[in-house]
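These are the structures in question, set out in turn.
Two complexes come next, and they have one chain in common, subunit A, joined by subunit B in the first and subunit C in the second.
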Partner chain A sequence: MNISTDPAIWTQAICILAVYTYLYKDNPIWRLAETVYLALATTYWFVFYFFTYIQPAIVDKAIGEGEWHYFLAVILGLMIFFRYIPSVAWLARYPMSFWVGYGTGYILSFEPAVWLTQITSTFLALNSIQNILIFIGVLSTLTYFFFTLAKENPVVGGVAEVGKWYIMIALGSAFGNTVLYRWNLFVARANTLLFDWLGVGQA
Partner chain B sequence: MRKEGPMIVTVLSSLVVLFSNYFFLGQQWGLTDRLDYWFNISYGIALALGFVNLTIIHWKYVQRRREGWVYSVILLLVMYGYLLLGIVEQHTGPTFSWIYDNMMTVLGAAVFSLLAFLISSAAYRAFRIRTKEATILLVCAIFILLARAPIGDAIWSRWSYWGNEWFMGVLNTAGYRGILLGAYVGAFAVALRILLGLERAHLGGTGTQ
Partner chain C sequence: MMWFLAQEEAKPVLGLFVEGTIVDIIVVLLLGILIWVMVSRARTGRPIPEIKKIAGLEAIDEAIGRATEMGRPVTFIPGILSVSNAQTLAAFGVASHVARQCARYDTRLLVLTCDPLPYAVLEEITRQSYLEEGRPDAFNPDDVRFLSAEQFAFASAVIGVYERERPAANIMIGAFYAESMIFAETASFQGMISIGGTAHTHQLPFFVAACDYALIGEEIYAASAYLSKEPVLYGTVVGQDILKILVWIIILIGGIVATVNPETTFGKLFEF
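Right after this comes the complex of A and B.
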């Protein structure tokens, strides 16, 4: 064993151990780690967005290049704070409306291309087992989600039942992948503790 | 103007995005880039709202000496200390980045990796529900887990082939495609309702007309 003397590694190890104390039970060390994480994450993203977008928009683009409309974006964003003043809280709807409209525009612009590709990838020549299984799977899954169709009908009910199996396979795969991803994260943390921090196996 | 004004903003902003993406003029005027920048600016300010909100809530906890108020003090100290550091040296500064690299990302990854243990107990509970569907779900999960980890191929050399090519590439693709197509159509319908002013949930109230 060759224990690290790097303060960065020690900080990482302390943070990891503080979080893993939760595996025993809820305790003050875990709550401290949780609190510090929340505080750092909240501040980091605000500082990141401020220096990446807000400050350059005001200093470089609005004042420097004369694109004054960016001041409107800042004012629009600041309007969200009106929610703290009950008499004019409705003004906070303006930035929310902009975000919703922006998202709506993007969905209407780009989504059809994605799902039309999915459809064309489904209706392929049924000349292989893979293509047949995908064709049956997509149609049966969609049948399962057609709530206006009477499931009492034996044909519809039977197809929907096949669709349910496909859905379970998809959700099972997603579950398996999620478990694996979490375990990967755990293995990486264990590597930090065992090899980077404690130096297990190092001369 | 309490509802009409925001509704006009919603419709106008979605029409501008549509115009900038579908029409050559919109692209030539650089509308997309500008609107993306508008979004990021206002989004960044909304993050400040979260910052202010946390401050107000935890300041109240400290004033009322609520249970666990010491953690609120720590939260406020860390938040404002880190903010001060960020103002002094920006987000690319050495100390600010050091804290991000060695504390924030590590704490985040460790918290998410805790789910490895919790999700395993959830799988055990799912297995106890002896239904056909739960069994299919769990068998698939284990199959994929072994296909994606080296142990699968160590048990049977064709495991990753069957797991990746057939389970993920065919059965999972078909199931997911069905689910996603439903979700896409649903999202598209909601987007159309918003554009036509029929969906007003973001303005408060019942949300529909």
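Right after this comes the complex of A and C.
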């Protein structure tokens, strides 16, 4: 064994072990790790947002280059703080409404092109097992998501049942894939502890 | 790496119109008309197709009931994306129902968010729901929490809330990523009744495996209509369902045409 003397490796190892203590139960070491992580993330995102959005928009564009329309976004953004003043709290609904409206409009603008590509990609000649499986899979899965057709109807129910099997097989495959990925993450952490930190197997 | 270095920085352009095909706009207009017709019919009390039972949504009331009996809180997580995501918008509808039920039964509701905008919207939704149930005094703004904008810091904070507040029911509807397994597994470990729903196919397996009830994909979009029975929402889901049936028929025709004539240009009709 050749234990590391690098403070960065020690910090990494202590953090990993602190988080793993949760596997036993909730404890002060885990709570410390959780709080430190939250504090670091909050600080990081505050700085990130400041230099990515606030500084370029207000300092560079609005003030520096005189692009006044950036002030509209600033005003709209600041209006959200009216929620802390009860007498004018209703004003805070405007930026929220703007954002929800923007989100809905964005989805309606860009989603149809994605759906249409998926639809036309399913116009397959049924001349191979793969094409037949895809074709049946799309139609039966779509049937599973018909909310107004009674699944008690033997035809609709039967096709929807096939769709359910397709969904479950796909989810099972995705589950296995991701479990393997998580296992890889654990192996990477074990490597850090055993080899980088403790220097197991090193002279 | 060189490819990235070779790219010029993209410049944002202010614009109101999105480039697309004529078929795109036809689909949007058709969807709009279908929804308008169904909403009008629902509002005037004329018959429209009924939404069939969705087991995962029936379980929400059961979960809140269990939390009420145990005298412990309910947690609601609307995913980790912002309000420009359809799943987050779907989560708002469910949040409203959950808040109403919690207000009605005097059960504490903890709403945990990862993005500042859904946080602000959900605080407003929860406040409004308590008000509509005649319990504005029971609403505690501190129970709607913004924990962190960083995915795994949020995940660790949620686990902290699970440990310290000991909720009896955990409802997760929205856009989730790798943190979904952490939430679902911890909730299961603590014996909470869990209901998870997302349209992210790569996260759905975790909800199916670790939650008591799972809402699969499209079901979360029907959720708020199903729960509230509100005519506008109900008509919207029915209108979308009719469009889905039309799409089903078009795919069937497309498959038959492509099989009969592999050189067909049927698919090109959708590229204008």
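Operating definition for what follows: the second predicted complex is superposed on the first by the 203 of 203 C-alpha atoms of A that agree within 3 Å, B and C clash if a C-alpha of one lies under 4 Å from a C-alpha of the other, contacts with A are read in each partner's own complex, and residues count from 1 in each chain.
Everything that follows uses one rule, which is that contacts are C-beta pairs under 8 Å (C-beta built on N, C-alpha and C of every residue); 3 or more make two chains touch, one makes a residue touch a chain.
All figures in this text were calculated on a predicted structure; none of them were measured in a lab.
J.: In the superposed model, does subunit B or subunit C contact more residues of subunit A?
T.: B
J.: Quick one: classify A:L124 as touching subunit B (first), subunit C (second), both or neither.
T.: second
J.: A:D26 contacts which: subunit B (first), subunit C (second), both, neither?
T.: In the superposed model, A:D26 contacts subunit C only, not subunit B.
J.: Does the superposition put A:V74 against subunit B (first), subunit C (second), both, or neither?
T.: Only subunit B is touched by A:V74; subunit C is not.
J.: For A:I107, select first, second, both or neither according to whether it touches subunit B, subunit C, the two together, or no partner.
T.: In the superposition, A:I107 touches subunit B and subunit C alike.
J.: What is the contact status of A:I85 with respect to subunit B (first) and subunit C (second): first, second, both, or neither?
T.: neither
J.: After the superposition on A, what does A:A8 contact: first (subunit B), second (subunit C), both or neither?
T.: After superposing on A, A:A8 lies in contact with subunit B but is clear of subunit C.
J.: So in the superposed three-chain picture, is A:K151 touching just subunit B, just subunit C, both, or none of them (first/second/both/neither)?
T.: second
J.: A:V200 in the overlay: touching subunit B, subunit C, both, or neither? Say first, second, both or neither.
T.: neither
J.: Where on subunit A do the contacts with subunit B and the contacts with subunit C coincide?
T.: Comparing the two interfaces on subunit A, one with subunit B and one with subunit C, the shared residues are 19, 22, 31, 33-34, 37-38, 40-42, 44-45, 69, 80, 83, 93, 96, 99-100, 102-104, 106-112, 115, 119, 122, 135, 138-139, 142, 145, 167-168, 170-172, 174-175, 178, 182.
J.: Taking the touch rule as given, give the residues of subunit A at its contact with subunit C in the complex, in rising order.
T.: Residues 19, 22, 26, 31, 33-34, 37-38, 40-42, 44-45, 69, 80, 83, 92-93, 96, 99-100, 102-104, 106-113, 115-116, 119-120, 122-127, 135, 138-139, 142-143, 145-151, 167-168, 170-172, 174-175, 178, 182 of subunit A touch subunit C in their complex.
J.: So in the complex, which bits of subunit B are touching subunit A?
T.: Going through subunit B, the ones touching subunit A are 2-3, 5-7, 9-18, 21-22, 34-35, 37-52, 54, 68, 71, 74-76, 78-79, 82-83, 86-87, 90-92, 96, 98-104, 106-117, 119-120, 123, 133, 136-145, 148-149, 166-182, 184-185, 187-188, 191-192, 194-195, 202-204.
J.: Using the touch definition from the top, list the residues of subunit A that touch subunit B in their complex.
T.: It comes out as residues 8, 11-12, 15-16, 19-20, 22-23, 31-54, 57, 61, 69-70, 72-74, 76-78, 80-81, 83, 90, 93-112, 114-115, 118-119, 121-122, 130, 133-142, 144-145, 163-180, 182-183, 185-186, 188-189, 192.
J.: For the complex, give me every residue of subunit C touching subunit A.
T.: Residue positions touching the partner: 14, 18, 20-21, 23-24, 27-28, 49-52, 54, 82-86, 88-89, 92, 117, 120-121, 123-124, 147-150, 152-153, 156-157, 159-160, 163-164, 181, 201-202, 204-206, 208-209, 216-219, 222, 226, 237-238, 241-242, 244-245, 247-248, 250-252, 254-255, 257-259, 262, 264, 266-267, 270-271.
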